[in-house]
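Okay, got some structures for you below.
Here chain A shows up in two complexes: once beside chain B, once beside chain C.
Right after this comes the complex of A and B.
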């Protein structure tokens, strides 16, 4: 892969993601004010001192945006990571074992997928105590059903190849076949899927926070910031749109990178199919 | 079959189900799919009820908060019927639900079914109206984008839809409110509908939520329609039709349309199912008195009968739409009638 071959849209995406990660990592040093620090009047207009203005309690929106990047990115990333590990391992086990295990896993997955994700999350979150770890787990488990479906389809393609059969014949165990034979050969499409799921996790987390079921105040988080400032809209105050745009921008950036990755892998796949 | 000579002993020994299946392949597939959906719905009800019960957390303790003495907790539990065994409660819940009785809300002590009856119509009205606009628009844009594939209109549509997919529903909603309701003043917010409201007035009230929903599903639906049509248009028989000199219109009507119908139906149904979920957020944004808002409000106060009822209804609509998509696809595509 040469750097010059990366299209300009992918560069925009990579730049946006890196900017968000930078804000998340160095939030206390980058942000001009504290996360929960009240620095002025309610919904004060944007000026030279406060770049995006102040929010419903008089906190600096820019600072909260930077701190919010921390929570949003961390929770979305952790949920995607857990969902991927869970989905991939289970789907690969199903694809490699076949038979009863495959049927049971797949039917259960179908059952989980027959309830819309948001509705399922609402039902589950209505019972569970509000805690960030539980939020991550709920998001991860619900999302892993989608990963499972893709992982199983991809793994089934590879599981019938000669080198997998050879590994099986020389007596390797299931774990070896999953991690040494199938995983390396399915990494490319899975990477693109990871990006897609990550973008989805950001949107999902923001939606939950917006509904008041995600990250709890006063911790800054982009979806929650929209919720905090939504009453200002009626008075023509655009404070709620700032974090909303941040969510949208980050998701567009991730999607741009994923688009490029998908094009790369699809051309790779085509090349392999022709050979 | 009517001829007795044709009925060989081997055939007579076959189970009757198989013969029935051979005689009515389409009908039996549809019945099979229906039964599967009912089974699925039953499993979902078990998941929603049983899963919720299995999870830690107790309404009585949450409700009482700091003042939860063991006696008070026990009182509330017996009052709500939580002290009965799980299976008993599940059976009575499901039995009630099948007859349209979802019990009483813990928080407001009102009948859940009454509220649901009022709000379900509102939600379906909003989602149905959005679908009425979004479906033709998405299919048309998808066709347009295939027609101009890899040229300027296609690229513009592609970039715009990629952007639209990345926008959260509430962001689109508030953007529309800020511009159309606050700055220009040509739309109403909040979108409160009440009984006895005129049809036109009602349409005007839900203009913004409908627009939001349309924007939310349009991009997805259009991209999938484009992919479905593109795969049909690039197939070998379309090339043959073109090479043997059929006009573009004729080859599309005779060859492309029948084959593209099934995938397009699938795309539409899939996105209608997505619409059902999109309704939740949009209703909260626009303070629209529908099922979504009811459910979100119930979740925040942990009002389980309401949450379970709403969850079951949403899941049922979702399963129903998916089933409809499968059946329509089977009807539209004869190849699906003989799997493998």
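Right after this comes the complex of A and C.
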């Protein structure tokens, strides 16, 4: 891979993601004020001292944004990754095995999807102890139903190709067929879905936080910050728009990178190495 | 070269270029067609023949002033009745296309809209161009359906594309092209995708319709024997340049160029069948097979094949010949009967077979494109069976892959290419190398050459023959091409609708007395001589009159 072949849009995306990761890693050193520190009046206007102004309790929005990157990034990335791994493995097993396994997996998936995601999450999170790992797992499992749907559809298309049949005739096991024959040929739609799902994970996290079952205050997360400051909009205060824009910017950055990867993987020449 | 006179269509010094974008390199211009000139008089047929990539379809489309996939007409002129159609604007061109010049595509199944009735699609262009009223167009379509010999012409237009057979669909497409009463039709490989027995009907119908309507035609194909039946003149193309251009008789009977001679003489090497066919390596006894929904696809098939020999299985699509290969590989376990290999019964189901059983029988597919993972390099594709069956890794594996590449007559420089970077013939060679890597005793070849150009196919057949000599390989060769059977087989099995209609050593199976189906099959194979089509049709008429 040559650096100069990376298009400008991908550089923008990479820069945005790196910035967010940098903020998350070095938050205590980067942030001008503490995460929960009250430094002034409620919804104080932005000025030279407070770059984005203060929030509904008088905390510095910029500092909270930087600290919030930690939770938001970590939870959204972890949940999306877990949901993808789970969804892809299960859907590919279903597509390759067919028959009873496919039916059981798919009908169970339908069952999960038939219950509204939010209500399901509320019930489960209300019962289980409040811990960030449990939150990630619940989000991942619920989201993996969507990934499963897509994964099974694209894998079925590839599973009937002759090179997969050739692998079966050679006597290859299911793991080889899934990871070496099918996965490389289905990466494009799955990557596109990844960009989309990541955005949804941030939104879902903020919804849960809004309902009091996601990230617990006073820990900052971007979705929660939107919720905290939303009442300000009525009074013409833009505090809620700052974390909202941050969510939008991050989603766009992730998708810019995904688009670039998509172009690389959908190249017929194999899409790796110096392609 | 025939006298260049002004006729209906006159093409002068046609040059067509396109820009290709190779990865990692700057874009470059490639010339697809270079300096081609020809003339076509009213009511005449010119055959354009060549391998894929020769530019024949591109020339055909240039007659509609159309460049496909980025191809641009950059030089020369295309005159239709004296007007240069390349100089016409968008509006002018629209009046020509579909009205004065029509196009018949290779795959009628892909060219028809599945959601509309055939009749409406056939008359659509004529009405859109305001050439005739709906009633007139209907009448004309009915007349054309009759001329083209379609069954039940009154009701044919009410059918949807999926309700008619491939041969009928191709004829419907011809009707669509003829409907607006065009001056010129471009046929782009109209019979290539059809079975031989269907091809002959379509060919006869097209020929009859062209004669009846006095329409001129460009007939594009890679099969010289087919084009010899239908054209008045033939132009042989290679790499976008004219190789030879002349009347059909001269091209077939006295070709002047080496390349044309090679095309005329293709597949005439005849393998003498092995004398001893008594000790079978593979024997299939009374095998029947059915799909899980109970549909029976093979009925009571028995045949055998000896070590180091070739068994050709012939039949049209749907005859069960590929299914038989699937049964032998274990993909579809037989519902009845047994298969033995090297004296021992073969485990019916693929999942229960031992690795060694799997290794000894390999399969080569028709479409090498889909038979290889597009995301693996040649090294991975050929190397995997080496690792899987013999545990070869690292340098030993690379050395063996290189050795196999030498065996299939490809340089070791191909080792890191992806399938998309290989030509059709090279892909099929890599597929053969993958089969060889398993050190098989039996290779099932499922139409490995039918997607290839004649000369490339010949190269593959020669390679297979040489490997057979060197390694005592046995082949089950599935094909619909009798010429190939004559060239390579020791024994022949003819299949029809899931039944074996004929089996025996080649000399017996391909000599009379024939059963009806084998007779039809043998007579449908186009022969490289003039007037063959008329001869066959005349015999058919005599036979049906006699009955």
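In this section, the second predicted complex is superposed on the first by the 213 of 275 C-alpha atoms of A that agree within 3 Å, B and C clash if a C-alpha of one lies under 4 Å from a C-alpha of the other, contacts with A are read in each partner's own complex, and residues count from 1 in each chain.
The rule is simple: contacts are C-beta pairs under 8 Å (C-beta built on N, C-alpha and C of every residue); 3 or more make two chains touch, one makes a residue touch a chain.
Given the structure is predicted, the values throughout are model-derived calculations rather than measurements.
Novice: Applying the touch criterion given at the start, work out whether A:109 contacts chain B, chain C, both or neither, answering first, second, both or neither.
Specialist: Neither partner.
Novice: Which partner does A:252 reach: the first (chain B), the second (chain C), both, or neither?
Specialist: First partner only, chain B.
Novice: Which of the two partners, first being chain B and second being chain C, lies in contact with A:44: first, second, both, or neither?
Specialist: A:44 sits against neither chain B nor chain C.
Novice: Does the superposition put A:212 against chain B (first), chain C (second), both, or neither?
Specialist: In the superposed model, A:212 contacts chain B only, not chain C.
Novice: Have a look at where A:169 lands relative to chain B and chain C in the superposition and call it first, second, both or neither.
Specialist: Second partner only, chain C.
Novice: Quick one: classify A:238 as touching chain B (first), chain C (second), both or neither.
Specialist: After superposing on A, A:238 lies in contact with chain B but is clear of chain C.
Novice: According to the contact criterion defined above, which of chain B and chain C contacts more residues of chain A?
Specialist: B
Novice: Quick check on the superposed pair: does A:123 touch chain B, chain C, both, or neither? Answer first, second, both or neither.
Specialist: Only chain B is touched by A:123; chain C is not.
Novice: Sort out for me which residues of chain B touch chain A in the complex.
Specialist: Spelled out, the residues of chain B in touch with chain A are 40, 43-44, 47-48, 51-52, 55-57, 162-163, 165-171, 174-175, 177-178, 182-183, 189, 273-274, 276-277, 280-281, 284-285, 295-296, 298-300, 302-304, 307-308, 310-311, 314-315, 318-319, 322.
Novice: For chain A, which residues are in contact with chain B within the complex?
Specialist: 110-112, 114-120, 122-129, 199, 203, 206-207, 210-213, 223, 226, 230, 233-236, 238, 240-241, 244-245, 247-248, 251-252, 254-256, 259
Novice: Per the contact definition, I'd like the list of chain C residues that touch chain A in the complex.
Specialist: Residues of chain C touching chain A: 23-24, 329, 331, 350, 353, 355, 358, 362-363, 365, 367, 370-377, 384-385, 388, 418, 420-421, 434, 438.
Novice: Under the stated contact criterion, what part of chain A meets chain C in this complex?
Specialist: 161-163, 165-166, 168-172, 180-181, 184-185, 267-272, 274-275
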